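What follows is chain A paired twice: with chain B in the first complex and chain C in the second.
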Partner chain A sequence: MKYARIFTISIREQLAYLPAMFVRNLFFIVLFFIFYSLWTAIYQSRTTLEGFTIVQMIWYLTFAESIELARSGVMTQIQDEVKDGTVVYGLVRPFSYIIFKISRAMGESIIRCLPVFGIGFVFAYMSVGPLDGYLTALPFGLLLLIGGLLLNVLWQVNIGLLSFWFEEIGPFFWILTKLVFIMGGLFFPIDLYPGWLAGIVRYLPFAFSAYWPAKTLVQFNHGVFLTGLQGLLIYATLLFSCSAALFTIARKRVHVQGG
Partner chain B sequence: MCRVDDINSMQRIGRALRLFCRYQATNLSSGMEYRGAFLTQVFAMIVNNSAFIIFWLILFERVGTIEGYDFSAVMFLWAITAVGFGIAAVFFGNSTYLSRIIYNGELDVYLLQPKPVMLNVLMSRSQVSGWGDMTYGIILFLATQPISVGSMLLFVLFSLLFSLVLVSLRVLYHSVTFFLGNAEELAARGSDMIISFALYPGTLFKGPVLMVLHSLIPAAFAAWIPYEIFSKFDLTKLALVICFDILLAAAALGVFRLGLRFYESGNRMGVRL
Partner chain C sequence: MNCVLEVRNLEKTFRTKIKSSGLAASAKGLFSPSYKSVVAVDRISFDVARGEIIAFIGPNGAGKSTTIKMLTGILHPDAGDISVLGLNPHKQRRQLSYRIGTVFGQKSQLWFHLPPLDSFNLLGDIYDLDRTKARKRIAFLTEVFQIGEYLKVPVRKLSLGERIRCEIAASLIHEPEILFLDEPTIGLDVIVKARIRKLIKTINAEDQTTIFLTSHDTGDIGNICRRAIVINHGRIVWDDTVNRMKYSFFRKKKLALRLASPLKIDMPGVEIIKTKNSSASVEVDLDETDLSDVISAIMKSNQIRDMNISNPPLEEVISMIYSQDKT
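And then the complex of A and B:
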């Protein structure tokens, strides 16, 4: 219950900055425009590519991007707290440090996602028109979108906790984001990969951050949705367990001195 | 009289070069102080950038050429952008922090020193990860482009010109802070948009947006025309690119100097060691 409260407080905090976020995120129109120009050129000589039409491709990209671009700042927060020692305040409070961070970051991510999702919707609608079956797929897609945000938060918490051992954790994060870019199907659907590679990449954790939620939205069927949901549950459990284990080991490294 | 002016100019350039060398030696030795973090950042940046090769490789494998560009052409764009970006990060690392320096009143420290203000500010910070970008760009060029003395000279020239355009654009956009207050967000987004466009084939973009890409976000002069020259040498185009880049740099310097007249010194105490 207390974590739900932390989550809602975080949402309330972020809502105060929503108009500013919309303005800041207008930059993503440029990104979407570049994608649109690229894919329009590619679709000049074909109507479908691995089962995706240009309409589905543009909607896919805007949806996948809205998950990726809504990353919270939880990794940096943990890093800063470890570096300046304020992490100890979190240890003496009557809640789990890890779940507290996840709850806050989820509230942050969901609100951050709104402007990119909204801008993406308007851009896709105006550039390629409506997506067939959008309204039917939307509730399922949104559920997986929230799951994708959760996976991103859990990755960040894990990397943030590495600050207990590493001076600089940025490089881990860069590599993770690129793994999501390439193996998560952020720049194009995994279906475009050579068959053998797609078969592997499709079931790696990165694909559940972008590919499965976006595919559920543009090529909805219950099979796609259920595969996405199962993968999310499995990988979220694994990543959460990993962060809990890391934190248990890490807190033994904390030295408190002074008063 | 003319010879005295020439000697003065040479002395000024010599002093600027000495300052440049000293800053770079200091920045490198301070980066190497944390050798582990330095090497991790460099290596991670190489891996980070390499991910995009896979993207383009798979895409070209699937669709053939895109608007006249093939895999090698796009890799050329990536190579000069990476090296140009790396040069800007390593040697002119403060170019991304200019707005903050201006609105925090931190220019005071630089104004008091007997050195050219803009160069002094830009060079006084080095971003270590830029070494990774440079290494990546060079490897990418060697691995994907035809190697000859001519091609390597052009590659070096275009990489240097890319960094000149990028740094000039940053100075130009961040100088808005002198006149309008904190324009950090606008300047950062606006100036770095050139990188977003430069990494994609120039032929993708048509219509009015091309005017923007030849002026406010000059990706055409920084990357696409250099690629045309690289694939088929054209002296007129080369002269055009160099003239544009020099004009942009002069405009950046002019606006920065004009901005200094509007700069209001803060009462913040600071020391640079």
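And then the complex of A and C:
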């Protein structure tokens, strides 16, 4: 109950920024236009590419980007709190610091996702037209989209907690974002990799942040959805357990002095 | 005495990394870092009774915050025993958190872009209060703290004084038995300070909430607290009433006089600090002479038109305690 309230209050706080977010995210029209131009050129001599039509490809990209560009600032928040020692003040309240951070970051992510998702929808619709089966796939795609956002939050929480051991956690995050770019299916579907590589990359955690939710939307069937859902549940559980373990160890290192 | 806080031989030492200057030293530090130990709290013991308002003071780095963090379960002591409301703070931190409130100057518990009412409701949920009870409590605190007009204004639009009132109210939503206040009046103007002090006293009287206050502002200590614990270099150097602190540490009184003619006095322990026409300011050392003898001596040779006897300011007393401990 308390975490649901944290989640909703975080949404309310983010809503204060929604108009500003829309304006800021207008930049993504440029990004989507570059994707569109690139893929239109690639599709000039063919109608499908590894089973994806140009319509599916553009919808795929706008959906995948919505998840990735909706990142919350939870990693930086944790880093700042660890550095200035205020992380300890969360310990005098009857809640889990980790679940508090996740609930808050999910509220942030969902609201940040809205403008990108909306802009992507309008852009894809206007550039390549409607996607067949969109409405059927949407509820399933959205569920995995939320899962993708959760995975991103959990990655960030884990990296943020590394601040207890490392003064600068930027490099860890840099590596993660590059892995998501390359192996998460952010710029193109993983299906475009050679068969043996796609077979591996498809089941790595990075693929469940963007590839599986976006594929569920554009090539919906229950098998794709269930694979995406299972992977999300497994990796979310692993990452959550990892963050809980990290925080338990980190708490023993807390020796904030001063005041 | 019904003790809510019992501390015995509490100790905490920190190990901090030493970073030498120069490239070679930095490279060496990567492979064989050197550390130094800093004793933050050194075998302190004290009790606090239910309903007390106690000042826990000391200069920067004296060990105040470390002690509070151990009392609230944030830090684990190296040695000694702590009992807060019969609980071990570090082992029963979650249980204790339902029974204590905290206001740390550095950390706001209000959501910056939302009105305080949202934060109050959230805190009601965090402390597992049922909605009706939370609503009643918020209504009560709104009235006591007179914050009705700010409840629906985003926190970022409140002045510092208004925000602090809301912060303290927020820390009391779950009716804590002990309230830890860390510098509650820092940065506030005199009028708002006075108001916050009055509110703290009101809450203490209404709810019998024990107040554990740290502050560098002697006004907070003198106006709110009856008892003060002074900590320096990790050790308790004073634990008694604020009034006794003044009398024990400062055996001097100041006399401000307006006389019929210029003052002339030569007595042991009497020092004329300032004279201007027929006004004079005199300091009397009570260890050397009685105040009544000084006044009698003045009255014999002069006519007193007005007189004011004052205690030394608390600030001076506290500075003296700090400096005595240093020597």
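We adopt the following convention: the second predicted complex is superposed on the first by the 255 of 259 C-alpha atoms of A that agree within 3 Å, B and C clash if a C-alpha of one lies under 4 Å from a C-alpha of the other, contacts with A are read in each partner's own complex, and residues count from 1 in each chain.
The definition used in the following text is that contacts are C-beta pairs under 8 Å (C-beta built on N, C-alpha and C of every residue); 3 or more make two chains touch, one makes a residue touch a chain.
It should be emphasised that the depicted structure is a prediction, and the values quoted were computed from it without experimental measurement.
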item	value
Partners on chain A (chain B, chain C) - clash or fit	fit
Which superposed partner A:95 touches (first chain B, second chain C, both, neither)	second
Which superposed partner A:192 touches (first chain B, second chain C, both, neither)	first
Touched partner set for A:119, first chain B, second chain C, both or neither	neither
Once both complexes are placed on the shared chain, angle at chain A toward chain B and chain C, C-alpha, multiple of 10 degrees	90
First (chain B), second (chain C), both or neither touched by A:86	second
Chain B versus chain C as contact partner of A:171, first or second or both or neither	first
Touched chain A residues, chain B compared with chain C	B
Chain B versus chain C as contact partner of A:30, first or second or both or neither	first
Least C-alpha distance (whole Å) that remains between chain C and chain B when both complexes are overlaid	7
Contact set on chain A toward chain C in their complex	1-2, 5-6, 9, 12-13, 16-17, 84, 86, 88-89, 91-95, 254-259
List of chain A residues in touch with chain B within their complex	24, 27, 30-31, 33-34, 37-38, 41-42, 49-50, 166-168, 170-172, 174-175, 177-179, 181-182, 187-188, 192-194
In the complex, chain B residues that touch chain A	34, 36-37, 40-41, 43-45, 47-48, 50-52, 54-55, 58-59, 61-63, 66-67, 129, 185, 189, 193, 196-197, 200-201, 203-205, 209
Complex interface listing, chain C residues touching chain A	14-16, 38, 40, 60-61, 64-66, 68-69, 72-75, 93-94, 97-98, 100, 102, 104, 106-107, 111-114, 118-119, 121-122, 125-128, 154, 182, 214
